[in-house]
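I'd like to ask some things about the structure below.
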Amino acid sequence: MTHHKPALRVGMIGYAFMGAAHSQAWRTAPRFFDLPLDPVMSVVCGRDTDRVAAAAEQLGWASSSTSWEEVVAREDIDLVDVCTPGNTHAEIAIAALRAGKHVLCEKPLANTVEEAEEMAAAAEEAARGGTRAMVGFTYRRVPAIGLARRMIAEGRIGEIRHVRAQYLQDWLVDPEAPLSWRLDKKLAGSGALGDIGAHVVDLTQHLVGDTIAEVTGTLSTFVTERPIAASSSGLSASAGTERGPVTVDDATAFLARFEGGYLGVYEATRFATGRKNSIRIEINGTRGSLAFDFEDMNVLEFHDGSIPDCEAGFRRIIVTEADHPWVSAWWPPGHGLGYEHGFTHQVVDLTRAIAAGEQPAPSFADGLQVQRVLAAVEASAEHRRWEAVAG
Amino acid sequence: MTHHKPALRVGMIGYAFMGAAHSQAWRTAPRFFDLPLDPVMSVVCGRDTDRVAAAAEQLGWASSSTSWEEVVAREDIDLVDVCTPGNTHAEIAIAALRAGKHVLCEKPLANTVEEAEEMAAAAEEAARGGTRAMVGFTYRRVPAIGLARRMIAEGRIGEIRHVRAQYLQDWLVDPEAPLSWRLDKKLAGSGALGDIGAHVVDLTQHLVGDTIAEVTGTLSTFVTERPIAASSSGLSASAGTERGPVTVDDATAFLARFEGGYLGVYEATRFATGRKNSIRIEINGTRGSLAFDFEDMNVLEFHDGSIPDCEAGFRRIIVTEADHPWVSAWWPPGHGLGYEHGFTHQVVDLTRAIAAGEQPAPSFADGLQVQRVLAAVEASAEHRRWEAVAG
Amino acid sequence: MTHHKPALRVGMIGYAFMGAAHSQAWRTAPRFFDLPLDPVMSVVCGRDTDRVAAAAEQLGWASSSTSWEEVVAREDIDLVDVCTPGNTHAEIAIAALRAGKHVLCEKPLANTVEEAEEMAAAAEEAARGGTRAMVGFTYRRVPAIGLARRMIAEGRIGEIRHVRAQYLQDWLVDPEAPLSWRLDKKLAGSGALGDIGAHVVDLTQHLVGDTIAEVTGTLSTFVTERPIAASSSGLSASAGTERGPVTVDDATAFLARFEGGYLGVYEATRFATGRKNSIRIEINGTRGSLAFDFEDMNVLEFHDGSIPDCEAGFRRIIVTEADHPWVSAWWPPGHGLGYEHGFTHQVVDLTRAIAAGEQPAPSFADGLQVQRVLAAVEASAEHRRWEAVAG
Amino acid sequence: MTHHKPALRVGMIGYAFMGAAHSQAWRTAPRFFDLPLDPVMSVVCGRDTDRVAAAAEQLGWASSSTSWEEVVAREDIDLVDVCTPGNTHAEIAIAALRAGKHVLCEKPLANTVEEAEEMAAAAEEAARGGTRAMVGFTYRRVPAIGLARRMIAEGRIGEIRHVRAQYLQDWLVDPEAPLSWRLDKKLAGSGALGDIGAHVVDLTQHLVGDTIAEVTGTLSTFVTERPIAASSSGLSASAGTERGPVTVDDATAFLARFEGGYLGVYEATRFATGRKNSIRIEINGTRGSLAFDFEDMNVLEFHDGSIPDCEAGFRRIIVTEADHPWVSAWWPPGHGLGYEHGFTHQVVDLTRAIAAGEQPAPSFADGLQVQRVLAAVEASAEHRRWEAVAG
């Protein structure tokens, strides 16, 4: 970051949970990494004038706007960062790409395969003109995941035999937990499947460098009606006593066959009492195994099959060494990173790809492919049989 | 154990791995538990005269025999303990029951549902005359499992939402590992599914007190040919260079719907590099969760959902307290038990049930039901759709 | 943070490891916490003009200076943040306090008890005029530590019986690791004792709310000569072959008796191969126990002695719930924090104390008291007997 | 075990907790190990005629006796196994050795250094005639400990830098726990120091193959009076309301300097709430580290310092492989052993040493040396300074 670096002027649409994480990333990245462009937090966009202005103040954006169309159209914006719910991704991202803005879009890419296809097509078209698009599967950039991918690519666990992945949360266990937009199929697209299942599909495919060919799965909705959340304006006295239908899945599980022939077993749920944000992945290969749990996010477990039995065992690698991915920018060994660092790594890699004229990963095409896996799971749950993933 | 107790004279058929474990159980049980009958290790039976005589000597049986028919017919035998491969279970167990001997039969109950049905029928018939039959799903009697079952029955985790179970081994990862009888469908019935998958099906059904209604699954054989093991007599110079077909599964995974409506996810494999005998079970309920891993067999993890969030967490219960199942017979708190203790608890409970004139669990009917689940998994793998478990 | 908040204009002295951590804290705190003052990163100070200017650019300070005296004297600076080596702390901090600047000073407070006493006296004097001083024992503000302190204060573990603490690193295991300033008693004051031992002394006293009355300990220097590090200017061709003496301790261990009569056992070392930054604390009380390991910094283990034995066990509390200290400002449950967050919490609490006209903790008096414990350890190591901590 | 093997006829003195463990060992050893002698459980000895007869019946001894002198004198006894409290060890063991009986004596060897010296002298004298004596530090024969010792001897962790060991129990936390003989200095000799501290002194010296040269330590008695246990005959109505003095230590901690110059840190307590039988040992060397916790007794953690940082980490070796010490006699990989197996390994090694005419380890001289370390800790606690271990 020097005064002579070109700026990368960012407009962010949405400012809730993801907006806070993305803001911290844009602010932090140039302080720890040597970036080719200088990110500028230009404008944040939301629907309510006062609230978006307060968010700009709180999160550190230079200005605020209530019109994403205006932000997308602004001459002085280079990149649009889409942090809104999934049902709005396609419209905003496509408009931004057509306006020549680079796009970082939160996952899932879209709520439907059709929208995702349009987005991927728009991204492909935009790429011809040097405009870049990336989908925010941020867990790819946890250092332990980056290390695991590198080790698999280097052959450290040999040929893959098994992939197993679970994403376990518990915030819906209470049947009186309110009906939020995330439980409304129209807004959220799907439930555990699209919200968190998407992450483990992306992560595992990314790790093994292969895609899922077919799946068979099931969806469960354990609690079919929930209290309607009291409106935030507090006007409705009856709020809290009315109930509405849950139209998405609470949990999903599916088996997957990868193109490479090996087996994947997946589970995603919001009903695993006591598991807050447990992303567990284990991959067994002919020469070794790797295991990860986000509850201990700075650790990667590795079994090296070439070590004699009498000394072999899963090794707890604390992924804080200078030669671990992204780590040299941070602290000395043993000083762990947190959840938000993945977002910082994400904008670092995106910024570098933009400057280098390269495609950042995961691309919208990658996001579309994940969407197709999720769609195949839904179809298999309906038809009660294996379904091929469209390609 | 006093001189005035009636004897329970045992004849054991087979003397390999399981035979050693059962012998230790019969020898140890009366030393630590107050039994109503006095087990007597009367006779061990095998095919080779010299080897079975040596086994009797080594394992501590009073005599040896090369004819199981003879053992079954002996007046001075009260119980036949069947430790042979699965393809012989039906014939021996049924004959023993008809001869009025109690039977303890190793799992899986049989290699086919048909045989298992005959065995269950024979057991039911025998029970009318007070003759008892039990199948050896020994992991039920690991204290941590016993405690988990008790806690679930007491409602400590509420209504079940999720069951997940994995049985992971790695002894076939090497493609040059030899073709043993366990890889021959004719002798073994199936591979990972019946050998170790059977255990987690039984364990999870036992824990939740419910049965699996339907399944969809898949079977994988990663290495389809293996070297034929050199004969133990050493006569065949060519042995080791010839290869034969693997006719069973190396790994299986399946989804299950329980009668109670909740979801089970299962996996059993002999290809999980670095996992030696890892039986992992996690059960999530509306009021709590339980987790177990046989690699740390004296521990049960429990999340109590009624504890306020700020102090809640999975609790590592070391299952060595006097009020834990079977534990008061053993050592002070913190002094763990091992693999073989489950076998001791098994013969303790069997002996007590016989003396009390009660049905020991798991019964042959339970063993048959597990067999039907396995058969449904095989059918679903063939038909690529969900299959109901026959009832 | 609003435009109407008064500013807190910060001048930071030093910009190495600690300078980077403090910069991130000042930058991040107002984005996640509602602060009464608005921190302004005004000036960073170092000895080399070009390097400090580059640091200002990289770390995000508005200006740079090569004179700490000038920074301390500036009218437009409200707080001086001292991130230099320990031998310079006293001079800078005292000057700043006398100039009416609030001071945040890195630990250890000073290299000698005498200097620390002067600093504490200066802080006491300054406090009368509303000028505040705080020493940077940042690990106090890891949420798991904050939670542990709260639980102990609430009586959750009853009366304390045992305190044990280890701070284990391994960066000096290699005898060819170079002779840095940290191994020079003149600059660093002491080795493992003052650098990392100080942290566990402060942490444990903070946790139990009591001070150490007497100690007996030992110091070890395993490698007494090391290669002199090549000069960074690269002029000296011979550098790297010359060796110089290590004048500080590589490791220390000591027993401690608290004022409350219970026992503490401490160890701090740079020779624990494989332990990178392992701070382990366990405290046993009459009603429960707490255990912490910085290698898993988002977790606090708690044994509640009031739970019946059959369900009791150490509970793994993931300290990411909204009602855990400092956590509500961050992410949803299960999304862990990292090393640097403690620094952010530190400036949050300092800023709030300044605005409220209250004494922030730990005070310079607290830092002095830790220094006296370390001095007593050194005296006991020399005299080979217990030594009282001066009071 | 064949009929042609010479017998090893055992007389066991005492039949409580240790008696049960020893009985199981004598019964089990010949069933799993190929022993040169055939152990015969000839006679068990106790003070009460009826109770010792019942114990013989329960534990499987051929006969019982109320006179240890008679047992020691019997022609048909080859080995005397001493399982009584420490104050009786010297008299019984010395008499047995003088009568030409091999002796296995429970730890601690004696309650005083003087007695231990007499026992060591008697053992040395007896050894000249081929009569063997061994002290029962059974934890040496946990396979993970055996593996650790082998790895250290092979240089796998290089030169030792640090030894740290804790033995944590919690059975005295409750101030109303009754005053047992273990809290009476006349019978027990000392408290946590001799009962459990002795184990970690022996274990660590055994592991590193070196002895402690000097120590400085402290002893604590937190609860100085306890209720006198109601008599088991139930005659005394007042029992339970009277209180008596605790004359031994509840906890101890000490620093140790080994002959090799490195540091040891030790702690033993009966007041670590929630720790049932936690024996934790960590040894750091220049090339690696080893860590053990008896709460997970089948695991040894190993950090191999020669592995590049990016893949290095503590490796969880499950010590159930055929080439791990004593393991090949037992079960397949991943099938763990329990507390009692160490006792079986102990009689296996003792039996083999007797048959081979070799000195079994640990010898009475080893037991005496441990006693001298404990005596030095007591002296240092009294004199509040370092004390050399007598040699």
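For reference, chains read A, B, C and D in written order, and residue numbers begin at 1 within each chain.
Keep this in mind: contacts are C-beta pairs under 8 Å (C-beta built on N, C-alpha and C of every residue); 3 or more make two chains touch, one makes a residue touch a chain.
Everything numeric in this text was worked out from a predicted model, so none of it was measured.
Visitor: So using the touch definition from the top, which pair is joined by more C-beta contacts, A-C or B-C?
Guide: A-C
Visitor: Compute the centre of every chain as the mean of its C-alpha atoms, then state which one is farthest from the centre of chain A.
Guide: D
Visitor: Distance between chain B and chain C based on Cα centroids, please, to the nearest Å.
Guide: Averaging C-alpha atoms per chain gives centres 55 Å apart.
Visitor: In whole angstrom, how far does the Cα centroid of chain A sit from the Cα centroid of chain C?
Guide: Distance between chain centres, rounded to whole Å: 35 Å.
Visitor: If a residue has to touch 2 or more other chains to count, which residues of chain A qualify?
Guide: In chain A, 275, 312-314, 318, 333 touch at least two other chains.
Visitor: Across the complex, what residues on chain D touch chain B?
Guide: Where chain D meets chain B, its residues are 1-3, 17, 20-21, 23-24, 27-28, 31-32, 57-60, 169, 171, 275-278, 294-297, 318, 320, 331-341.
Visitor: In their shared complex, at which residues does chain C touch chain B?
Guide: My answer: residues 147, 151, 156, 299, 301-302, 304, 309-318, 321-324, 333.
Visitor: Enumerate the contact residues on chain D facing chain C in the complex.
Guide: Checking each residue of chain D against chain C gives 157, 161-162, 164, 166, 168, 170, 173, 175, 216-218, 220, 222, 251, 253-255, 257, 262-263, 265, 267, 269, 271-275, 282, 284-289, 303, 305, 312-314, 384-386.
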